[in-house]
Structures are given as C-alpha cells and as structure tokens.
Amino acid sequence: MGSTYGKIFKIATFGESHGAGIGVIIEGCPAGIAFDSDFIQSELTRRKPGQSRITTQRKEADEFEVLSGVFEGKTTGTPIALIIRNEDQRSKDYSHIAAQYRPSHADYTYQVKYGVRDYRGGGRSSARETAARVAAGALAKLLLMEMGVSIQAYVSQVGRLKLAKTYAELDLTETENNAVRCPDPVMAEQMFEYIDSVRKQGDSVGGVVSCVIKGAPAGWGEPVFDKLHAELGKAMLSINAVKGFEYGSGFEGVSLLGSQHNDAFYIDDNQNIHTRTNHSGGIQGGISNGEDIYFNVAFKPVATIMQDQESIDQNGDIAVVQGKGRHDPCVVPRAVPIVEGMAALVLADFYLRNKSSRI
Amino acid sequence: MGSTYGKIFKIATFGESHGAGIGVIIEGCPAGIAFDSDFIQSELTRRKPGQSRITTQRKEADEFEVLSGVFEGKTTGTPIALIIRNEDQRSKDYSHIAAQYRPSHADYTYQVKYGVRDYRGGGRSSARETAARVAAGALAKLLLMEMGVSIQAYVSQVGRLKLAKTYAELDLTETENNAVRCPDPVMAEQMFEYIDSVRKQGDSVGGVVSCVIKGAPAGWGEPVFDKLHAELGKAMLSINAVKGFEYGSGFEGVSLLGSQHNDAFYIDDNQNIHTRTNHSGGIQGGISNGEDIYFNVAFKPVATIMQDQESIDQNGDIAVVQGKGRHDPCVVPRAVPIVEGMAALVLADFYLRNKSSRI
Amino acid sequence: MGSTYGKIFKIATFGESHGAGIGVIIEGCPAGIAFDSDFIQSELTRRKPGQSRITTQRKEADEFEVLSGVFEGKTTGTPIALIIRNEDQRSKDYSHIAAQYRPSHADYTYQVKYGVRDYRGGGRSSARETAARVAAGALAKLLLMEMGVSIQAYVSQVGRLKLAKTYAELDLTETENNAVRCPDPVMAEQMFEYIDSVRKQGDSVGGVVSCVIKGAPAGWGEPVFDKLHAELGKAMLSINAVKGFEYGSGFEGVSLLGSQHNDAFYIDDNQNIHTRTNHSGGIQGGISNGEDIYFNVAFKPVATIMQDQESIDQNGDIAVVQGKGRHDPCVVPRAVPIVEGMAALVLADFYLRNKSSRI
Amino acid sequence: MGSTYGKIFKIATFGESHGAGIGVIIEGCPAGIAFDSDFIQSELTRRKPGQSRITTQRKEADEFEVLSGVFEGKTTGTPIALIIRNEDQRSKDYSHIAAQYRPSHADYTYQVKYGVRDYRGGGRSSARETAARVAAGALAKLLLMEMGVSIQAYVSQVGRLKLAKTYAELDLTETENNAVRCPDPVMAEQMFEYIDSVRKQGDSVGGVVSCVIKGAPAGWGEPVFDKLHAELGKAMLSINAVKGFEYGSGFEGVSLLGSQHNDAFYIDDNQNIHTRTNHSGGIQGGISNGEDIYFNVAFKPVATIMQDQESIDQNGDIAVVQGKGRHDPCVVPRAVPIVEGMAALVLADFYLRNKSSRI
C-alpha cells in the first residue's frame, strides 16, 4: 500500500533501483490529450543521472516505452502504462551492504516492516522511483498546459547559500541555464562550487526547491482534508529526502499580525478579482483563488556519502558502512523536475475533481 | 470530496459553523476498544472556545453524543457516529457579511467553487469542524494507548517569541498548566501577555505547535507516496490556518552536511536498535524507526480581526469588512489538541495498514 | 471497513437496529441541487415498517433530520448528514437471543469476526440500515431527475408467483397502488394473499424485485472493473437478503445464440442511435448505451420466522431459537424503494465520474 | 477510472488487445510469499487462446515478465509489475471495422464516452485484458494456498445443456481433463459437440461457470456494502460477457420458505461449528461462515460471430459488419481460470482487510 497517488488522475508506480525496470500506470487521464512523447522524454532527461559532475555518475538513458492507453497520438481515456528499463545496474556494487543498515537510509525500516528487502541500491526506497513520477507528471503538465497552467521550480537554497529574492524578483527563464537550476546566475555559480567542494570531501549537503504555479483558476482544491496545499504538501513530502514544506508566507508568516498578513481583495481594470498581497500563496480555505501558488520544499543532505560510517548489520553486529558507489552530493538540481511533476499531478487531479463541484 | 481521511481507520466529518451541528463517522476502528467517553470529552474540552480571555468567547459546551458503533462500553467494529450540536450560533452576527469576501478567508473561493455558500461564520470552512477531528482523534489515541504510543503537542512559538529548547529539554507535563499550552512557564507568561496585547489591538498573530510521538514501533508508514511524514504533513496542513510543516531536522537541516546529519545505528544494552542522533525525526524512508517522531506546524495569524478592512462583495463592489464577532487572537493554544488528534489519526491508520505488510 | 459506497457521490452509513439512531453522510453531492425534503421523506415512508399487515409491525416514523450541507434550500457541495432516530426499540425483545446464533442470520459471523456484537435486532446487520440508503438514494434521485433519468422498481415474483410480462408490457404506474408493489393488480392480489398465508404460518418467503432505468444517456460506467452493471450488481447484492442479480438477458440469455442475442444498431427518424432489441440491458462493455437499463434482484426468504428452530449458542451448547419479535414475512414490497435508491446512488456516481472522461 | 480492483490486495490492469502489451500492477501483496512463476504461467496457459478447436485460433504464448516486487524468489511487499507482450496482433484484420459499431460490442459506447477509441480488436474492451487478471489472481491463489483456501471453477452449462448435479456430487478433479472444463465427462462431450456445431455455423452460444471455494475461515467480508458476496458479484460481473451472478440458493431460493431455507447450526465431533444445510452459500450477513462458498456466473453468447450483421458506422450510415477474424464460439471454457482468478483476488483482499477487525 502507498504506491498510488491521486483520486481521479491517479498514478501507480512500481520498480526498484536495480530490478528489471521501473514504471507507472496513469489512470483517469482524460481522452483526447495529444501525447507529446518528446516533451515527456525531455522531462525525464532533466531528471536523469549524469548531467554534470555534481550529479551521480550512474548512466541511465531513462528512455520510456508506452505500453497502452495511447492510440494515433492521443490518450484514449484508458490506463497509460509507461516503463523505463534499468540499464546501469551494477548490482555487485551493493553486495557489500547486503546485510548492513546504512545510516539514515531505509534499510533498517524496510527490513523491520517486510522481513525481506531488495538491498541493491536501496531497492524500492531509491530515488530512482521518481523517474516514474516525472514521466507521469509530464503528462499531467500536458493536460494543464491546455488549461493555461504553468509550473516552474528552481533551486533557492544550497546549504546556507540562500536566494534573497522572491520568485517574482527572479528571471525564472534562467533556471535551466546552469547545472544547479538556480535562476540567479551568480548564486548558481557559488552553489555549484560549493556542491563540488562538498563532493570532493565525499560528503553531501541539503537544499531548498521553490516552486511557483501560474494560471491556475480559482476553485481547485477540496475542503476539508484534501486542501490544495495539504495535497501539495503530501506530494512534496513523499519525495525522497524531503524534510519540510511551506506555502505562501510559510514559517515566516507566523510572526506577522493578521492586519499585516491578510490579503485585501480588489477588482482590476478587467473586472477580475485579485488580492493586493499574496501571503495566502494563492490558496484560501484550501482552494485556489486565482493568484500565483508558491511554496518551498526542504531537502536534507542525502544519506549516501563517500566516507566510512559506523553502523550495525542485520545480525546486530557492529559494521563499517564503506563509502562506495555513486551518489548525488546534493539532490536539489535533479529534484527540480520532480517537484514540478508532483505539483502537476496534484493540480491535474484537482482540476478533474472540481468538475463535480456543481451540477 | 475531501471530507474523509484515512485508509483503514477512516473518518468522515460533516457540519458547518452555524448549522444544526457537526460530527464525524469513524469507520474501521477495530472492535474491542474500551470506549472512554470521559477521555474523549476531556479532549474536546481542551479544544473548546472560551477557555481563557485569549481565546474566542463563543460559548459551546461541545458535548458529544454517540449514535452508533459502541455497545456495552466497547467498540463493535462498526461505524461510530459522534455528533456535537451547535449551541451559540448567533447567526445574525453574520448577516452583515453575507455578500462580502472577508480578506484571507474562504468566502471568495467557496463562492467561486460552489456558486453557493453558507456564509454564517465561514460555514464549512470554519475551524469549528476541527472539533469533530478532536473527537475522532481521541478515539485513535485510545487505540494507540493500548499500543504504548503517546502523543504530546505544545506551543513552541507565538509571533517572534520562540522556545530555544528542544522537546527533549522541556518538561512537557507543564504544557497543560497554562492557557497558552507552552511547557516553559516563563515563556508561557510572555506569550500570554503578547497575545493579550494583540487581542486588545483587535489584531491576531501566528505561532508554531510542536509535537512529539513516543513509543511508536518501527515499521509504520507506507512507501512511496504514503510515507509516514507525508501523511503527517497532509494531516497537519489540512488544519485551518496552517502554512508549513517540517519534521526531524526540517528546514534547518538543509544547511547540514550528510556526515553531520546521518543518524548512526547502534545496539543498546537491551539489544534494541537505536540511532545516536535523531535528525531523521524517527522516520527513515517514510517508515518509523522506533525513535521519537517529532515535527513542527506553522499557523498563520487568523484572518478574523477586529479592524475594518477594505474588500469587495459578490457584486464586485468595494466593501468595508467590519471587525465584529468573536475570534481567537492566536489559534495555537487551542490547536494543540487538534495537532495531537490528527497525529493520532495518522498513526492509528498506519498501525492498521501495517498489519498487511507480511503474510 | 465496508460502510461506504461510491467514488465521487459517496455515502457512509452508520447505525444499528436498536442503537440511538441511524444515518448517512453524503459526500460529493454537487452544489446547487434543490433539497426537496418532502420527496426524501416520501421515499423513506415507502420503505418504513408497518405499511400493511404483510410487513413488520415495528413502529417507526422514520423521520429524518438534516445536520449539514444544505443552506437556504440548496445543497452547498459540503457533506450532507442525515440522521433518523430509532424509536420503537424494544430491546428487551432480544435479551433471549443475546447468546444465541439465529439460523441464517449474521449473529455467528459477526461474533467470529469482531469478538463482540450488538445482538439487539441484529445490530448493524439489520435491514434497518437500509433506511439510510433510501434517504441518500432519494437525494441521488433528485440529482438524476435534473438529468432526465427515472428509476422504477417493482415486485415481479413472490415465491413461485412470477410475472410473465416484461417491464415494457406492464403499466408501472400501478406499482404503488397495492401493498405488494406489483404493477399487475391481479398478480398483486395473489401475491398478497400468499404472503399473508405464509405470515399466518409464522414463515417467510422470497421474491424478486425488477428495476428499469429510463433516460440515462450513453457513456455512464467505467471500464474495466467498475462496469455499470458490475456496480449495480454490487449495490444490489449489498442489500440484505439478496442472493442474485442479472441484467438484460441475464441467466436466460446463456441459452441463446449470438445471432439471436446481438442487438443491431439503427438510426431513428431523429437521427438518434438505438438498438432494435435490448438483450444488452442498456449496457455494452460496461457503459450505458442510451437504451433502457433493466435488471432483476433475487431476495431469499428472510431468516426470522415465528417458529422454533434448533441452533447453538456462544458456548457451543444446543439452543432453541424461539419465534418471537416482529418481522416481514416477505421483504420484497419494502425492498422496492431500496433497490431504486441503490440504483440511483450507482448512477449519480457514474454521472459524476463521467465528467472526467474527456478533456 | 475503473481499472483498479481491491482495497488492500489491489490490482491495476492496463493494455489493449492490439497494443504493445497488457499487464498488471499488484499492490499490497504481503512480503514473504514464495513467487511461483511456473504456477502463474500455468494459470495463464489455462486461459490462453488456441487450446482446442472450440477456442479462438489467435496465437499468443502469454508469457509474462516480472518487472518489480520480487527478490530472491519472494515477494518484497512492494508493487509487483507483470507484463505480457502482445504477439499475434494482426491489426490489419480490424481496419474494415475501424468506423463500424459492431452489434453488442463496446465500439459505440467507448466512442460516445471518450470521443476516441482503439478499434483494433475491441482495444481496452477486449477480453484479452483478463490475462492480466489471471496472472494477478494466480498470485492471490498462492497467498490463499498458504491459508488453506482452494478455489475450483467449472463449466456447468452451455446453451441449454445444464449439469443437474451440484458441485458436491461432481468429481471436480475431472474438470481439466476435457476442453470444455466440465467435470462430468459425458456432459463435457455433449457440450463440446454442441459448441463445435455452433462454431461451424459461424455463431456463438452462452454458458454458466460455477465455482466453489473451500477452506475459507469464518470472518471474511465487510458489512455493509462490501459484503463478501457483493464483491464476488462485482468481480464476476466485471468479466467480459457476464450477465448474472447468484450465490448459495440464488434465484431458485426465492421460491423456498424461510423454514426450508434457513441453515441450522450444529457442533461437530471436533467442536467445530457448522450448518446442516448451506443455502447461505457459506456467507451470512456478508461474512464467510466457514462453509463452502459457491456461486454461478452467467455468460452471454459472445458478440463476435462469423455472420454478416446490419449496423451503422460512426457517420450514422448503415453498414454491414462482416463476420471476419478469430473468436471463441463459447467463452466459458476459457472463463474458468478467470472466474477463479477474480475469486482469488476478492478473497485475498478480504483476508487482509479482516486483519483490522479486532485490536
């Protein structure tokens, strides 16, 4: 249980890091959407390993195959199955950790829960699973584009290097122009150097991905448990290594007074309703209000480091976990398309759910 | 859609702020739990309005009635319906805002979504709905107590007044000894005075509720979307006025290196597996690891303030929203049992879900 | 688990035969439907006990109260809670069977499953629960009426007394004119006399309810598991005492050849597509095709009879179950509105689900 | 929506008749089950086309590949993805019906619902999808075998040729010894000849599959909507060509009196509780009572026949649907493993759901 997401636009992912492959079934995608394979592949390419020297050197083309649900270039309303074969598996890399519990990995908890685990590269707990999310999220993006909705994420913090500017003050078209995916070129350069220095130490560091959604109409989100921000939060927190989520004014907002925080309504020259400020982050009462939706996602330093660490093994004996294998010294550059993809899945689902709100 | 929570231990809440009443159906509660009405009532009393001069003066006894699912003092395995009648409705208080969109409330978004709304006191979007959650959460707590799990929340920040100590450094038994529900008596006093001064200004202020869960065994939580912290996050973000959620090292943790952040495993004298640090917040790979689970929840300043605010009405005309009615100048003291209740619902559900993880 | 039905138009029922009351929460009902209380009450009245001497003599007004989700006469899109208090409980009638397992009742299976049970009148397993379904079904009917869909059920068989005519050959407006709810007055009279004779013997007898749905457009139903007839089947089989379901040509159809059974398409003078025959029962590939939907539901003789029966009790001792209490000698007359209500719930759900089939 | 089945042991199928392939993701399968590939393949072989001259001559090896969820021969608790490539697609066979609505097929209803359809061999509406169910059902069987539960289906009727004996009077080990899968060799021979004569006429005929489940303990099934027989009914009705479902005494039982129909309880020499008769079909109040569970499933004559039929096309023009292609003159022989597989999926799910019925 737990490998499905969504109520109407619903995905079920499968696959382990070093099994035959990974993939996703997308159910509930409306019929008639132009299935743009190139776009989906390009999203996967944004996430794939080996993009620069600050990402893992695992080699995966991450090419996907469509098994169903698409006919003559359009979605048919039936389940769409996408699979991605694992190529560079190097399972032998992991034999030395078969019985070990790597610190801050899921080895121990999977073992306790299931009594058995695929120890190769973290098995199901590997972030490799997120490729399936990105593929499905790309399809959700195609649906949202038809609604005029765009989603843009970027790296806003690495370690203590933090962008001072808000999304509105940045040129987000710069995001994809550097390996860090930070839209401020100067900061991007600093972040790159910092990550690279951490990498050389055989260490890892955390970061923050920020995301802004433009063009979502008012009315998306379902009270009271499935609030738009609650589902965004769950979706983001379900991504590997995420430790926190905040939207709109977030944790900073707690220090404000209500008179400062409230977003006054007004009508613009086109008779459209807007708010003068947007501490609400585009969401009021769990439902989008037509303003930009924005949020931050905190990622911890990844647990795999190239240093020896003391731990224990399945027998309860003391063990030294050796720093071997390939890893990302900082996940946030590759997390950008994952954050976008999950956001797209949340919104596509709420778009469809909202169709039933009125007779 | 959206008024249910949980997969096995599942609740469905109903009710509006000024309708006949509110309530909850709890489905999937195992048979045989001693139904302790006094405990459930005492949890509702912790949340009810009118507790002190820093909470809303609305008068509600918040007494609940059991309609089903309990027989001879025990749960029977069938749905448990609990209802709470609304008493102090004063609907006339709200006639002046029938057509207005109050800033940072859900008036506008509900109107757009549904084309109709119960404008009295926010209707369904009112935090009054959380009483139903607290009642259901109390039952979940009774179930968890039988498993040796305890949940304790407390106020750790009001405005800029923030506890420097971690939960481990505090005496949480002090929490219920003051109106703010802050376990540090000195800070509690300062917070009380600050909230009271904000109240006198007719304003409101935000805060943070922290929560710690002790005694949860390893193995709860479901990869990959229904990670324990992802569900905790969703549950917390679904509470009115919440803007952020972080667990374990949270947003602070992004600045650490992996070598600092990783929690080393060891075996204690009783042959139990533990970690030397707990940046993971008791959760690894989305599954509890047996350590304390802890997290923070950010609440914005409530939108209702006793000041006039400019806005618009349903006709698109400019309107002045008057500062009338009753409200909480700061919600966090009353949010403490809500956070606990929602955490209990999440854990009870995962306890039951985990029963199927092995044959 | 198991007390909810529906994916979008979703109901959760609660309550026991002799508890405080029963009820239902309806979630996902679109906003803006005129909430016709009189109609809902009239549907409950069709199901209520004590309608004639061939139904149980339990006295229940079965008046319902609305707790939420309706404002100024319209549904608001939020959960609608309806409760019905139990009045004529006579719990003492049941003390003699507290430890007994009544033959073909659910006493034994509930005891094994839950380890505890409310033995009064069958508790949760009582058909009294169906009143909640009828109330919710009445609201679903109101929604369907706005779509031009009508649902009519009637008794087509009691014991071996079976109508030879199909629904198309009957005048269904006669259905409510007799206590049996058989649209053929002559057969109705015979059925009444037969049921009454069975009643006098202290026995019970089974029957069949047939149902026809007119006006449903093509396109409702979801492949491949949630076929329209599969959900209708589940919904009907979930009604107390039901043993079988068939639609269209049903069990008889297995003897036909494909060349006889296939329904040829044609276009009528209004350029509408129809089929010349309707062995398909208005459903092809699990999706409505615009023709009449019709099906039969088989009800066993109810288990409660006024005769002594040998059985055992919870201790494993032999026991004589005495023929006491009140019961229906034949459930089908009162089952007619239940069948209609459940059919309405199925269709309302598929109407809403179908909104997402295309972009 | 609609391509998933189950609450805990949950499957999602995908794939079209003439697409790249079909498959299934099984989620919620407990960890630690020995994954017997040979058994799963043997179940698929029982369903595959081309078994004898009375089944379709389409050639498909129906070999499956495991993509995930199995490690070192055991299930790991994570999603298990199985895929089956389509081989003998002959899509050109279908170009002549691209625009036609074949009588009693799903061409028209899919077109209306989705506005687009994969017309090749019925696309998603093809019974080819059931291979995925059989594969998943085989895994459910492996789980149930560990619980001592066996499931046996057989053909009990073809056209008007109907077995007079009940399952208890038959030697079910004979079932797999003939092409019809009827356990009575004499009747099997008659059925075979009859189907073959129908085939030679280019026609088709219906039939009934009966099924018996032995060894299921008391307690499986969830009141009130998810009764064991309601889910069995839905599962069976979701199989292509099914028109009816009955369990226990079924439609025949309606003619009985309660005094005849009730199943008296007794205790056997081993102190086990049983019923003297089993009109209840092993289910009381929607929950298994430990007796044999048995039911019948009615299949219509398949819609594809080798005769010309008048119909219309997508333009509303009159069209002659020609009798081409490959088809089963009678589906029930190949439906036997499908019925068993779906029954296994229902039971496996209830086994897991029942784990939460008590604390």
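Lettered A, B, C and D in written order, each chain numbered from 1.
Keep in mind that, in the parts below, a contact is a pair of C-beta atoms (placed from the backbone, for glycine too) under 8 Å apart; a residue touches a chain by one contact, two chains touch by 3 or more.
Here's who's who by UniProt: A, B, C, D = Chorismate synthase.
The structure presented is a predicted model; accordingly, all values stated were derived computationally and were not measured.
Counting C-beta pairs in contact across C-D and across A-D gives the higher total for C-D. Chain centres here are Cα means. That of chain A (Chorismate synthase) falls 39 Å from that of chain D (Chorismate synthase). Between the CA-based centres of chain A (Chorismate synthase) and chain C (Chorismate synthase) the separation comes to 46 Å, rounded to the whole angstrom. Chain D (Chorismate synthase) has its Cα centroid 26 Å from the Cα centroid of chain C (Chorismate synthase). Looking at chain C (Chorismate synthase), one finds that residues 1, 3-4, 8, 13, 28, 31-32, 77-78, 113-115, 124, 223, 356-358 touch two or more other chains.
Chain contacts in this assembly form a complete graph, since each chain touches every other chain. Chain B (Chorismate synthase) contributes residues 8-9, 28, 30-33, 77-78, 143, 146, 223, 352, 355-359 to its touches with chain D (Chorismate synthase) in the complex. Put simply, chain C (Chorismate synthase) touches chain B (Chorismate synthase) in their complex at residues 1, 3-4, 8, 10, 12-16, 19-23, 25, 27-28, 31-32, 65-69, 71-72, 74, 76-81, 83, 113-118, 123-124. Taken in their complex, chain C (Chorismate synthase) has these residues touching chain D (Chorismate synthase): 1-5, 7, 13, 101, 103-106, 108-110, 112-115, 124-125, 129, 157, 159-160, 198, 201, 203-208, 218-219, 221-227, 229-231, 233-235, 237-238, 243-251, 253-267, 271, 273, 275, 279-281, 284-289, 296, 298-305, 307, 309-312, 316, 318, 353-354, 356-358.
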